[in-house]
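Dropping the structure in here first, questions after.
Labels A, B, C and D are assigned to the chains in the order they are written; within every chain, residues are numbered from 1.
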Amino acid sequence: MKLICDSLTCERGGRRVFENVTFQISSGEALIVRGPNGVGKSSLLRVIAGLVAVRSGKMALEGGIEDRTVPEHCHYFGHLDALKPSLTALENLSFWRSFYEPVELAGFSSDATLGASEALETLEIGHTAHLPAAFLSAGQRRRLSLARLLVVPRPIWIMDEPSSALDAASERTLLGLMASHINGGGIIIAATHLPLDLPNTKYLEFSRGDGRDDEGLAEDYDGFGDSGDFL
Amino acid sequence: MNWMTALFVREFKIAARVGGGALIGVLFFLAVVTVFPFGVGPDLKMLARIGAAVLWIGALLATLLGLDRLFQADREDGTLDLLLMSGRPPELIVLVKCAAHWAATGLPLVISAPVLALFVNLEPTAIGAVTLTLLVGTPALTLIGAVGAGVTVSLRRGGVLLSILVIPLAIPVLIFGVSAATAAVGGPTPFLTPLLYLCAISLFALVLGPVAAGAALRVASD
Amino acid sequence: MTLYDLANPTRFLSLVERIMPWLIGATVLALATGLYMAFFYAPEDYQQGVTVRIMFVHVPSAWLALLCYAMMAGSSIGTLVWKHPLADVSAKAAAPLGAAFTFLALFSGSIWAKPMWGTWWVWDARLTSFLVLFIMYLGIIALWRTMDDPIKAAKANAILTLVGVINLPIIKFSVDWWNTLHQPASVFRTDGPALHSSILVPLLVMAGAFTLFFIMMHLMFMRNEIYARRIRAMRMRAASAAQPHANVTAQIREV
Amino acid sequence: MDSFFADLPRHAEYVAAVYLMAVAVFGGLLTVALVVKKQRVKELAELEAAGIRRRSAKKQG
């Protein structure tokens, strides 16, 4: 399985965020996205997760399930925890377990087929199963959100600053889970400053260009809606 | 448990729980209905004439009240991103959320309508008619309101704007709802015609609402 | 002059500059002849006396109110389906115009009804439908103004406008039905086509003049909106990066 | 021309009100459009002068 991104260009709110980003990543590899803050790392992750429309460029997954889009192969672990305070930890987790469609692929054997309570145990928050999420601490909430990746097997993990709000111990658990996901043939695309000691780790370095004018997109449309497919 | 029932159960639980908003709709409905006689006067004959309209307007406002949090709460805590990303068709997600919202806020309005009808001195047949029209009409209010909620999801205080956008679209529901209810008590027109129009609008909204709201959510996602 | 040329904002602006003088001339001429015919060519109606002249404002503005909404619906489809870059500019420019024509139709309609009904507002079927249309216009304008990012606002408004245009016939039908139910007040019996040519001709000339005015104003508002988009893009460029025109990109590095 | 005003029978003030409102609405739209245009053209000129080149303007030299 290989994810191919070809000259992705992203614009949000009329502002050019990044352009011509090209990379490929195949199963069993991790891609660490690095660069100064505000340069567009999160936007790239959201583009891959299909949450942000791409202005131009193509994204394709070789070896995935034919009739499913790329995002349907992904888990997205962003800044927000997506937890409902009035629901208990178990209710939150079992909802996501029955809502997300698991992905079975050759060459991707994942142990992320845990039951909701087992996932809570592995992340040492089993005791909070029947507590409303509102009572959980930030770190516990973060681990509850992380548990979502363990209850439904999906090959691609998209993680935006996964180690934020985690203490040292939880960071080790996180690293362990990421390592086992990679070794199981999964893909991780993460924007993080965490030193990730994994065998095949690639780095995607974001940088401000040299300021040359971009002839690619017709410049008259600067500030206007998507003109790409109209031309 | 397939994903739709899981979503429905979750949405219903959130709405039914203490901070949810299910009961607030009914309290607001009660408040609106009780405020009318203070304005119009306690004359029972007059109240009987406008009773159906009072209940319908109360139900419309109560439904609009709870709608702006339909998608906004999910957007703020990141759930909306995950729902849209999951690959489930947004139209069905909207439909299930509307069903849960109706079950949690719309249905209680219908159940409480007969009780509140006593305040406006409606006789039994009229109470039955109003409740039936509300039962058939409130889903259309929720589904049309979902379009307004979807379009204003990214706005900070979208609630007021939502009502302004939705009320013109809800006028046909109000017209046929009230006229069906009053016709049951022997108005000039037969009871069935407006009721069937109301059902038609509800079925139409069943399609238009989710499709338009789903498109609006996709647009607001980045 | 293919639709493609209209898609390019710069070329569109030069096109507007070229035809604007002609458009202004044509509009002034049409309005002048329309007014002249309305007052001197058309006879007074035997029943309503001179108030029939109000029809020459009311009916064209009512038509234009609907034409504006149709233009916005077309532009919305252009935004959502063909992703035409100027479609949302056209929709945003048409909204205030539609509201203005609807207001004019409401104002002239209620004044027309004053002598007959002795009240400033009559819940007549046509007037009520236009009142609802007026609220829909104001809602759309409000949505345009509250969303700051023009591209997302364009798509949200396109969806709202299309939902509106689908519901307009339903609203019209329900208001007519509601009207016959309560009291059949009807102000406008001149809907029938049996208008005498001495009334019909001025009416059509006025309608033509109003349409020309609409096209002129629509292009003017679109021009202003294109300027606004460019100002916003330049301001963002200035704010977004140390070097005003640095473009961000990314490369794979092994280390 | 003045004979026109003399023989205006009843309700003339209604007709006048309508046409005055029409002139007001049309005039209002026109002035708003022109005033806003002047403002924005000035703003564009200022931004261009301040060197914030729009990406489409060719780089000078």
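By our rule, a residue touches a chain if its C-beta (ideal position, glycine included) is under 8 Å from a C-beta of that chain, and two chains touch if they have at least 3 such contacts.
From a predicted model like this one, the values you see are computed outputs, not experimental measurements.
J.: Using C-alpha centroids, which chain lies at the maximum separation from chain A?
T.: D
J.: Which two chains does the highest number of contacting C-beta pairs join?
T.: A-C
J.: Averaging only over C-alpha atoms, locate the centres of chain A and chain C and give their separation in whole Å.
T.: 45
J.: Per the centroid of Cα atoms for each chain, what is the distance between chain B and chain C, given in Å?
T.: Centre separation, chain B to chain C: 31 Å.
J.: Roughly how far is chain A from chain B, centre to centre by C-alpha average, rounded to an integer in Å?
T.: 37
J.: Two or more other chains in contact with one residue: find those residues in chain B.
T.: 222, in rising order.
J.: Two or more other chains in contact with one residue: find those residues in chain A.
T.: Within chain A, residues 213-214, 220, 222 contact more than one other chain.
J.: Quick one: which residues in chain C touch 2 or more of the other chains?
T.: 10, 152, 230, 233-234, 237, 245
J.: List the residues on chain C that touch chain B in their complex, please.
T.: Against chain B, the touching part of chain C is residues 80, 132, 135-136, 138-139, 142-143, 146-147, 152, 155-157, 159-160, 162-164, 166-167, 170-171, 173-175, 177-178, 181.
J.: Given the complex with chain C, which residues does chain A contribute to the contact?
T.: Contacts found on chain A: 13-21, 23, 33, 35, 39-40, 44, 202-214, 218, 220-231.
J.: Would you pull the chain B residues touching chain A in the complex into a rising list?
T.: Listed in rising order, the residues are 1-3, 6-7, 9-10, 13-14, 17-20, 77-79, 81-88, 221-222.
J.: Show me the residue ranges of chain C that touch chain A in the complex, using the header's touch definition.
T.: 4, 7-11, 79, 82-89, 148-152, 154, 229-230, 232-234, 236-237, 240-243, 245-255
J.: Where on chain B is chain C touching in the complex?
T.: 147, 150-152, 154-155, 161, 164-165, 167-169, 171-172, 175-176, 179, 187-189, 194, 197, 201, 204, 208, 212, 215-216, 219-220, 222
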